[in-house]
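Two complexes, one shared chain (subunit A), two partners (subunit B, subunit C).
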Partner chain A sequence: MDPPRPFLSACDPALGWAFGCSRAGASHIRSSRPCEDAFAVWSGSSGAIPCIAIAIADGHGDPRHDQSRTGSALAVQAAVDELIGFHRMHMHTIPRHILRSEFRADFPRRVTRRWRDYVQVDVGQREISLPPAGNTGNNGYTRYGSTLIAALIVGDTILIGQIGDGDVVLVRPDGTVECPIPCDTQLMGMETQSLSSRDAHLLWRTATLDRGAGGFLIAATDGVSDSFDGSEGPEFLKFVKSLVARVNEFGIESVAWSMKGWLDRYSELASGDDMTLVFVSINPVEGECGPKPGPEGTAGDEVLSTEGW
Partner chain B sequence: MPLAIGERVKAELTGTEYHVIRKLGEGTQGEVYLVEGPQVHQAVKWYKAEQATPEQRAAILYLVRTGPPYGAAGRRFVWPLDLVTREGSDQFGYLMMQIDTQRYAELGEVWAHVKPVPNFSSLCEISYQLANSYRALHLSGHCYRDISAGNLMFDPHTGDILICDNDNVGVNRQSRCQVWGTMEYMAPEIIRDSADPSTQTDLHSLAVLLFYLWVWHHPFHGEMEYGFHCWDIPAKKKVYGESPVFVFDPDNPANRLPPDPDYATARERWEYCPQELKDTFIRVFTEGLRDPGRRVTEGEWQTIFSSVKDRLVRCPKCRAENFARTDGRAQACWHCHATLVSPPLLRIERPVGDTTLALSSGTTIRRRHISLSPANDDGSSIVGTVVPHPSIPGAAGIRNQSSTPWHAVFPDGNKTIVPPGRAVPLNPGTTLIIDGVTLTIAAPEPPVNS
Partner chain C sequence: MVICQNEWYGNGGHTIEDTVPIPDGQVVRKKLHFFWIADCSDSMRGKKIATLNQAIREAIPEVQKAVAAYPEVEIFMRAIRFSDDAEWHVGPDPVPVAEFSWPELETSGLTATGKALRLLADELSIERMPRRGLPPVCILVSDGFCTDPSEEYDNAIAELAKIPWGVKAVRLAIAIGDESDYNEPELLKFVNQDQIGLLKAHSPEELVSYIKWASVSASVASSRGRSRGTGSIDDISNVALESPPPMITSNTELF
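For the complex of A and B:
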């Protein structure tokens, strides 16, 4: 497995810019455990309609989930592949308002199934044994257990899906902060939902947003918000807004380069957990008012990165 | 342009001004905002520019003027109350009541364990109210055209429901609308482009929604959907429209549930369904696909859910709810597998068809048990309740909670009047006459081997 790179990015001139960064947690380093998080960012187009797809995943990491490092990497791969497929299959054939309901109806089931297919391939290639599916919460894929957050920015729409913990925050150009998938209060202090949970396809929560005036979409594993005051906590949201301010002041590339050090520091001082953050600067839809967050990178071809693969 | 916080909007018919407090959410057609008026907080659905068409404006004004269906059934619709506009803009929205999202849940929230899972009693109530409200809507000459889980909210504890996004309601077989529903809820003839949305196609969507509520699965998601690597529009058209096959079709195994852990819950929940509900789902998703005239009507659904709710009893060992059998066959608790003792029954002979109520402490006899409820009334008013005897342990009676006296005939032929507030002992063979309807208390059926 390649050593992690400082950050990976993807860009589409019409839609915006995305970068992601994943770091092994301080406690993982102390116990010689690898980073069990993964992320992927992708940009490309189908039929001249561009999209940006992102995904982050947090492998559970304990001895029961001993393959979760691979599980999280397969999760982000499955998410991006499914999002690309969804984009290709639907963008030209259905009305825009149906796109959202089709995403809500299909994505959870299809991406969960795709992840399991990828796990089965890995199981076959590496001759790993899987326990049989049980009635007490696992679907037979426990060793690969992982959370997953995925988002697709396409046309005038932002589509988001999440299973398990982690955070998605959208900061609009006027400073309004939206948490499109509210934190799951029922599960506080309990084991998180997982791709390896029984009925995983039912455990997803989805949100669909207008791209509108654009803004900044931040997706992070729980190690990041746990270094502050948890999901939707005021300190965590202050951190998110400070990231946006730094991007506006210093540019997205500078922030991307600094992210590695910031995450290492937060992990060292606070949660100790693995840290993964994907940051997307989303351009406004043409004709919408609002400050235009300028992409500074070169217009890329299809870029796929899966940290921790 | 979306609305801004603090911006003022005006209700066109009343002339009332509201100011925008915050955004509550986004849908496929627009955003929903919390607004404050002179007296109360309400909500405004604000259409996106491309959805704010003259046709949509006329449709909203029509719905505002028409009002929701009458009575309890109509009050469950979160109906447009007024057209809302903003000065200097062609965009518009409509005013509606604010939904208590702490109390009411979406099905997806239940699946994701964000809100509690409704028990069987609540599930019966949710299903009954759904059928009751759509019956009232259809009787008023309208069709909904977008029935789906996304438009339903329910109280998981009581089963009370709200039906949202009513701006797509239109006159049956006359008006056009901008939204024709999501494909998984669409009647096959709409997908095949051989029919427009109508009350008849609503019946298919209602059946799919009820199946989702009970089985947590789509009725056509079996081997066919599982086998499609590319789940694109042609694939969906085939599964939902061109060759739909029910996953539990007893005569056609082509689309059975695949042997995959993802389908375990659907299998289990199907087995929890009482037999008459299974039979009805089979009818609607086999004969009802081939012949829309064979679809299950809202009234039939009402009767089924009222009937199965009346047979709910608690397992004495684990307290899990079970649907009691009335044929005397042995039954085990679905949860702990303990043998269930058959409860005493109340057999009700009604002009609209007989029904049976399983009697246990707290069981209620409701108005709908003794008379066919009109479409605008859910018939939930309580006529009588099974109560324990105040001094004899284990003995129970049925207390008259109506405003009229009952006539009781005991097994020995003696007759008496049971005035409001008094109870009649729960003795098998006793007959009650309530508003001209005969109700007979029957002993538990002796167990027989199945």
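For the complex of A and C:
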């Protein structure tokens, strides 16, 4: 068996690069439960227009979601497939502002449907039984329940979608921190919105940002922010800014290598939860100032890096 | 689509992870807030209050021991006492369980259960309790009828049913003494664990057992909390507790 990979990465010389790292939580290890997080990073192009797509998912740990490890893996697969499809379908046919509105209008519905299609395939292949949809709010996909955060960097635009908990933060080159999708104030305790929720396509929150001067996009499952003081808390934002500072000082490769140990440490000392973090260095749009390009590595062909299944 | 996995093994395969200092940011464990709500009215005088004081003191290390299996969780305890009025016995600032000690409760006055629950509800409000976290544990111990106006008690219960953490908290009640001495329907309004119901301690032995069982079980169940999707009708319930141990009442040791 191959040794576990410390991180996975994807790169496009024009847009930037991304790496991700996922670790089983300390509490999962103690109870012999697998990591229920998953992530994917992808770079490629369509008609000479490059894009970077990323996705992270956090399968719910509650026993009623006993297939959530598979659910999260299918979620990141569905997200990247849908983002690629979206890119190919829309980049050459519609103006940019319509691209953004189309993303807001279509992506949640399409990715939710795709995830459910993938779940149905898995159900058939593994002969999993799904409880019938009923009046208890169960929509039949509960066993596979997962959150999902997806982002597409293309042209002068950053498109982000999120269902459930987790964090997305963009740090601009001047140090400005943007939280494009504020935390959901309706959620309490350990609850989260889910791909398995009834009317899940209505529970998505989306954001469209200008790529502009570029910056660093960080997406993480809630195990990371819960190890500090929760989403948008001062200590979590301090961590995010410090992470960017480490990249600037030591380089992306060193930080990517260190991430595994850091996430393990946070999980042991704090939340105990699975930990997944995807880091994207986004180059500025040509003519704007921004972060330095990443190291040479993986430019060129389509690359899909996935972890979690 | 070409699918492959791509990775960097930087520095020719040398491990470089230790060369980068860990990022800033203070890490914290998950907080579990635990509330005792203890009756110290005059009817609790004698064996009841002595047993209550002793039982809670004995329960604390057992809670610590049980939750040690969840090192990501840190328990903070507080206590509300009530007689003519309700006030903090330990609090309002939460105390880490490792530093928590139970001051001797003295008895006097009436049974202001409604005021105690109102004080609890204020503390469980979203302004004072972070939205994300483990369900709080609230254990009410009483031996009598609430002497507050009935609407005050019902309003406090309604407030708990209205605020998110009031709903999500693990709320248990232990009734002390003969069943004719306390108002069972009233105390049951506080309990939100239907499968448990009201814990009835007829004897000092049972009171000790129930205090230990309730505090340990609720703490462990809350600590075990895992993420779950919204949307089910049973989402209003919180963590599930196992049944309490069977009690064998000694006729010679009744309150």
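FYI, the second predicted complex is superposed on the first by the 292 of 309 C-alpha atoms of A that agree within 3 Å, B and C clash if a C-alpha of one lies under 4 Å from a C-alpha of the other, contacts with A are read in each partner's own complex, and residues count from 1 in each chain.
We adopt the following convention: contacts are C-beta pairs under 8 Å (C-beta built on N, C-alpha and C of every residue); 3 or more make two chains touch, one makes a residue touch a chain.
No experiment lies behind these values; they were computed from the predicted model shown.
Chemist: Subunit A superposed: clash or fit between subunit B and subunit C?
Modeler: Subunit B and subunit C fit side by side in the superposed model.
Chemist: Quick check on the superposed pair: does A:T112 touch subunit B, subunit C, both, or neither? Answer first, second, both or neither.
Modeler: First partner only.
Chemist: More residues of subunit A are touched by which chain, subunit B or subunit C?
Modeler: Touched residues of subunit A are more numerous for C.
Chemist: So, A:R100: does it touch subunit B (first), subunit C (second), both, or neither?
Modeler: first
Chemist: Considering only touches as defined above, state whether A:G140 meets subunit B (first), subunit C (second), both or neither.
Modeler: Only subunit B is touched by A:G140; subunit C is not.
Chemist: Is A:H90 touching anything from subunit B or subunit C once the two structures are fitted on A? First, second, both or neither.
Modeler: Once the two structures are laid over each other on A, A:H90 reaches subunit B alone.
Chemist: A:G212 in the overlay: touching subunit B, subunit C, both, or neither? Say first, second, both or neither.
Modeler: Once the two structures are laid over each other on A, A:G212 reaches subunit B alone.
Chemist: Of the two partner chains, subunit B (first) and subunit C (second), which one does A:S281 touch, if any: first, second, both, or neither?
Modeler: Neither: A:S281 stays clear of subunit B and subunit C.
Chemist: After the superposition on A, what does A:S22 contact: first (subunit B), second (subunit C), both or neither?
Modeler: Once the two structures are laid over each other on A, A:S22 reaches no partner at all.
Chemist: Give one of first, second, both or neither to describe whether A:R198 is in contact with subunit B, with subunit C, with both, or with none.
Modeler: Both subunit B and subunit C are touched by A:R198.
Chemist: Draw lines from the C-alpha centre of subunit A to the C-alpha centres of subunit B and subunit C: what angle do they form, to the nearest 10°?
Modeler: Rounded to the nearest ten degrees, it is 80.
Chemist: Check the residue A:T70 against both partner chains and state whether it touches subunit B (first), subunit C (second), both, or neither.
Modeler: The answer is neither, since A:T70 touches no partner chain.
Chemist: Across all Cα pairs of subunit B and subunit C, what is the smallest distance in the superposition, given in whole Å?
Modeler: Closest C-alpha pair between subunit B and subunit C: 11 Å.
Chemist: What residues on subunit A does subunit C touch that subunit B touches too?
Modeler: 135, 139, 187, 193, 198
Chemist: Using the touch rule from the top, collect the residues of subunit B that touch subunit A in their complex.
Modeler: Subunit B reaches subunit A through residues 2, 23, 26, 28-29, 31, 48, 51, 108-109, 111-114, 148, 150, 179, 182-184, 216, 221, 230-233, 261-262, 264-265.
Chemist: Considering the complex alone, what residue numbers of subunit C touch subunit A?
Modeler: Counting only subunit C, the residues touching subunit A are 1-8, 10-11, 15-30, 69-73, 130-135, 164-165, 168, 225-235, 238.
Chemist: Would you pull the subunit A residues touching subunit B in the complex into a rising list?
Modeler: Spelled out, the residues of subunit A in touch with subunit B are 85, 89-90, 93-94, 97-98, 100-102, 104-106, 109-110, 112-113, 133, 135, 139-140, 178, 184, 186-187, 193, 198-206, 208-210, 212.
Chemist: For subunit A, which residues count as touching subunit C in their complex?
Modeler: 5-10, 26-27, 30, 58, 60-65, 84, 135-139, 142, 145, 164-165, 185, 187-194, 196-198, 222, 226-231, 235-236, 238-239, 241-243, 245-246, 250, 253-258, 260-262, 265-273, 297-298, 301-306
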